[in-house]
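Letters A, B, C and D name the chains as they come in the text, with residue numbers starting at 1 for each one.
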Amino acid sequence: MIVVKLKPQINVKQISVLINRIEKSGYMPHLSKSDGRTQIGIIGDEQSILNLRLSRIKGVAEIIQTDKPFKLASREYKTSDTHIKVGEITVGGKKIVMMAGPCAVESYEQMLLIARAVKKAGADILRGGAFKPRTSPYSFQGLKQEGLKILAEVSKKTGLPVVTEVVTSANVGLVSRYADILQIGARNMQNYALLEEVGRTRKPVLLKRGMMSTLEELVMAAEYILSQGNSNVMLCERGIRTFEKYTRNTLDISAVPLLKHLSHLPVIVDPSHGTGVRSLVPATALASVAAGADGLIIEVHNNPEQALSDGFQNINIPEFNSLMKDLGPLAKAIKREM
Amino acid sequence: MIVVKLKPQINVKQISVLINRIEKSGYMPHLSKSDGRTQIGIIGDEQSILNLRLSRIKGVAEIIQTDKPFKLASREYKTSDTHIKVGEITVGGKKIVMMAGPCAVESYEQMLLIARAVKKAGADILRGGAFKPRTSPYSFQGLKQEGLKILAEVSKKTGLPVVTEVVTSANVGLVSRYADILQIGARNMQNYALLEEVGRTRKPVLLKRGMMSTLEELVMAAEYILSQGNSNVMLCERGIRTFEKYTRNTLDISAVPLLKHLSHLPVIVDPSHGTGVRSLVPATALASVAAGADGLIIEVHNNPEQALSDGFQNINIPEFNSLMKDLGPLAKAIKREM
Amino acid sequence: MIVVKLKPQINVKQISVLINRIEKSGYMPHLSKSDGRTQIGIIGDEQSILNLRLSRIKGVAEIIQTDKPFKLASREYKTSDTHIKVGEITVGGKKIVMMAGPCAVESYEQMLLIARAVKKAGADILRGGAFKPRTSPYSFQGLKQEGLKILAEVSKKTGLPVVTEVVTSANVGLVSRYADILQIGARNMQNYALLEEVGRTRKPVLLKRGMMSTLEELVMAAEYILSQGNSNVMLCERGIRTFEKYTRNTLDISAVPLLKHLSHLPVIVDPSHGTGVRSLVPATALASVAAGADGLIIEVHNNPEQALSDGFQNINIPEFNSLMKDLGPLAKAIKREM
Amino acid sequence: MIVVKLKPQINVKQISVLINRIEKSGYMPHLSKSDGRTQIGIIGDEQSILNLRLSRIKGVAEIIQTDKPFKLASREYKTSDTHIKVGEITVGGKKIVMMAGPCAVESYEQMLLIARAVKKAGADILRGGAFKPRTSPYSFQGLKQEGLKILAEVSKKTGLPVVTEVVTSANVGLVSRYADILQIGARNMQNYALLEEVGRTRKPVLLKRGMMSTLEELVMAAEYILSQGNSNVMLCERGIRTFEKYTRNTLDISAVPLLKHLSHLPVIVDPSHGTGVRSLVPATALASVAAGADGLIIEVHNNPEQALSDGFQNINIPEFNSLMKDLGPLAKAIKREM
């Protein structure tokens, strides 16, 4: 990648000349800010890009060549943390963002009940699956569009923005109409057609790590989205497969500081899937925040024993309340906010 | 699942009455043969299906209720091995089917050269990637439609049927026009939209195990395809992720007898991805056949060092010739044929 | 296992009658306190033990039969947390116990320098390897007895108790003369001869999880030690092997609440081996405490770049100081102490 | 390592001068033959060894410096396959060596019955555990010395040499008196005190891969034994831990060609532990031989359902007979012998 650092005093016209030159040469310019300075990333054959002699254009401060496998997602490309706006909420800043809700949308009444309860406890964003990718074709696959509508209504009623999964590129438009954040599930982390499609929107994306993907692959998957022009990507650690049998997955806590080191993107942790065991959710949620996570996404159900999907890893509403009470002083101790 | 076993003397009219009844009730009937007898599988709420009292219809021998997680793909549902016709070739019978070719289609000349060489050595089917899902968005992603055309032309010239990957449901129609077998890659094993789309065709499908998937999940993924009416599915073991560092993946050899035990579908092994190391391909190919595989899919390149993709795991043409010579006596020793 | 719960008013003579009866019958009585009440665990053929009719002996309140795989180590057997005294320190209580020091003892001067520095920063116990099990027979294997002597001298000089590894049952006596805590390394977690030998001492033991052991196996390994009469066992999570490549091991954070749930024994975390990456140690240390760990064991070196062993995962003294400063408020936030 | 290649015409006196010089300098000379030529390996600080100027001594042909992590176990050090004599049997030659017997020695009658049956079927060596390392301290731990005596008597009666496990360095002498091959179990692969102790004998050793060990670590563990002067080491693949749930372990078939490539030592496969599933043993046994294994070690029991240990992975006698019948033609097809 070639990074073109711009001078502070560059004007709009100069930027437009520069971008024109880049686009005419067949490259896509990626504008971003790093440490308060504007820069343009260009990916492609580096010698050819250098041959464009962009340094001669007015307003260009410096041309930098980097050879990391990650480009737009890398901390080298952008040293300051990325902040993503979701309604009134900023993900990636000082505040720990709490996303909570049931695994699957089951009914309007259920969603409203849970949404109100988690909001009261302090949650910022509502989660709930309308499209549920399931191992068996004969399992409950979600309420689909009906579920999206319920989410949107409950969102309007409570003021909570909504995160929900999109499972195929054909549905990206549909889900975008109802949701505030598009979730890419673990099974689809390397569904590149889907990644590129959400990359073509400007919606915030919650990208879950594949259940057996390396962190390098996760950041490369984010790169697929960023390379299409959408830089609103949150990386989500949700546990990986190991030989351990007490837990469904092994939550990789070191992923949090490692991803913050490799990338400027916000890091969210999902302790519900990360452990797959309800009683382990609170302790691992606290641990994730202590490790530096920018937010949590937690499955909360009013009646976990009767949830249509993954009930064994859902905490109930009093447990969520209690977790929120424990998170407050912890966030303060590490100089973050809830 | 409810299995309706039919009497040997049932006639076409009776079958049509039966199928009508099932379809009117909102279920999809799955016809198949098991041990020479015709049967119909019906998936759904079992009590409701039992309430249809299908046993009263003429020609019905027996109603069986099974509760395995796999249904149409299971050995219980269909005890005899499934044979899949690909042109003149039968996959799943006595003959070990050899699929060979480069990782990616690079040019017409390269494909023709390799196709002729592997055919001469005894290969049955030509492999080659036109759409290449790559970890990095900046890596070579294949020649796409141009690659499909090359495959089809080389197929016509050599008489070798072609297997190639389809990476998104939107392309299933396109790839089906050019290919004889649709490959679902490891990264897409749980891309259910794609599985359902290939399930709606009647094309043979080569379904690769995800690099992070259990065997149960692999058979459940096949179930997604079968549940749409396409029973021409081959299961492919291609190595799983472990902590071992000398190999790219760990080829799970026990998958072969296990899958043959769980399912009636043919089992193919990919020792190229299964090890990721060129020098290990021949020994693990022999092992796979000895373990009971119905076929192999092997990356062969005329010049592995200069391959555009995964060259380090491609064997060259003399190595493929030598492997074919070693496989002959081995197949005979276990009463199979090459 | 049969658990004999004793009445609060039982006297010493009655206990001695009871123990005599058990020993004469060929069983080993395991005395412990659970929720303030004394109890005796007896392991063996349960029917034969029941046939002893111990309930008839005065002072016996109740006879309980349990069938968990873990017995003496289980939370069912002993509901209250086990406290282990190491000099003035109590492991397993409200205080988070900090063990710090170099991977290997290199010299008296180095140990004294590091010991004084970590003590000043607030460490409670000094770690340092005298016997170093190494993958290669040609790598530095530690200073052996010379290293033990250095540890003991530095301990006397600084007042810090010492934890150090014992690698073979033949050396348990030797190491016990110099060390306050006997460490069983990950490679020896299932070296049952060694476990039994440390079980015959009454020294506190730090038992590390094998690098690919399940938590059930770890608790069963502790059971080997407890079954010999030594109940002073601390369980240590130190990372497991996965396919992830950026880290040497994957620290299993859910092990902390899980072990606390399964067992009454204290849980220590080793973020140095748990990640194998120096820059990840502070964040995962904080996470471990937030998850409920009773202590940490951390590799600290005055000059990590020149350490004789595992320098890449050692933090330096200023980094340790900084970590200690961050741990204080965190511990307070979760109502623990440093 | 420094390798001193000797001239063909070197005489005994010259060799003795050379060895004296090496030993006086504080090094241990390792004599071996590679491609028919005698050589001496010396491990230690290479510059100091070079300073001995051994090339000036008569009979020395060449001094070679190598820097692989494996030294004495490496294929570089010794290019020709190592042959190990066990009674009349040679392990590592053209013949596939079959070791068979129960998991644990249960009684004299049982051992004799099984020994006679497996001998009749064509087995070469009898296996049976006298010391059984078990996850639980309360499980059957083997008949210990009594079991060794049974093994020795049955060996005398049937003429089958015996392989059995030694679990602690203190017992190496004891087990050596009764057994023909000392087995190091998976749990002890990195019990270096034990490795060094068997290294000080000249008994053949069957070294099992740890369930959590890389192949590099396995060869390094062999190096511990070789470095003590015992070069009669067989490497044994026995499955590794993965996330797959149908099998107890995942047999790493690529280990066979990889180990043969890295090392000159014979490679044995254990499909019983390698899969942990009785019905998978025959297919994976055939696969192992096809992959190039020099032998197999298989658990056979007259009554698997009633075995005291690991019955679910034991095949019965008719199954062993049938496997032996299938192995014959396979071995011939790959130009080996049974």
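Everything that follows uses one rule, which is that contacts are C-beta pairs under 8 Å (C-beta built on N, C-alpha and C of every residue); 3 or more make two chains touch, one makes a residue touch a chain.
Quantities reported herein were computed from a predicted structural model and do not represent experimental measurements.
*Asks:* Give the label of the chain whose average Cα location is farthest from that of subunit C.
*Replies:* When every chain centre is compared against subunit C, the largest gap points to B.
*Asks:* Looking at C-D and B-C, which pair shares more C-beta contacts?
*Replies:* Spelling it out, more C-beta pairs touch across C-D than across the other pair.
*Asks:* With centres defined as the mean C-alpha position, give me the subunit C-subunit D separation in Å.
*Replies:* Averaging C-alpha atoms per chain gives centres 34 Å apart.
*Asks:* If you average the CA atoms of subunit B and of subunit D, how far apart do the two points sit, in angstrom?
*Replies:* 38
*Asks:* Using mean CA coordinates as chain centres, what's the gap between subunit B and subunit C in Å?
*Replies:* 51
*Asks:* If a residue has to touch 2 or more other chains to count, which residues of subunit D qualify?
*Replies:* In subunit D, the residues touching two or more other chains are 212, 216, 241-243.
*Asks:* For subunit A, which residues count as touching subunit B in their complex?
*Replies:* Against subunit B, subunit A makes touches at 43, 69, 71, 133-138, 167-170, 187-188, 190-194, 196, 210-213, 216-217, 220, 223-224, 227, 241.
*Asks:* Which of the residues in subunit B end up touching subunit C in this complex?
*Replies:* So the residues of subunit B touching subunit C come out as 241-243.
*Asks:* Inside the complex, what are the residues of subunit A that reach subunit C?
*Replies:* Going through subunit A, the ones touching subunit C are 212, 214-216, 240, 242-247, 250-254, 256-258, 261, 274-275, 277, 279-280, 282-284, 286-292, 326, 329-330, 332-334.
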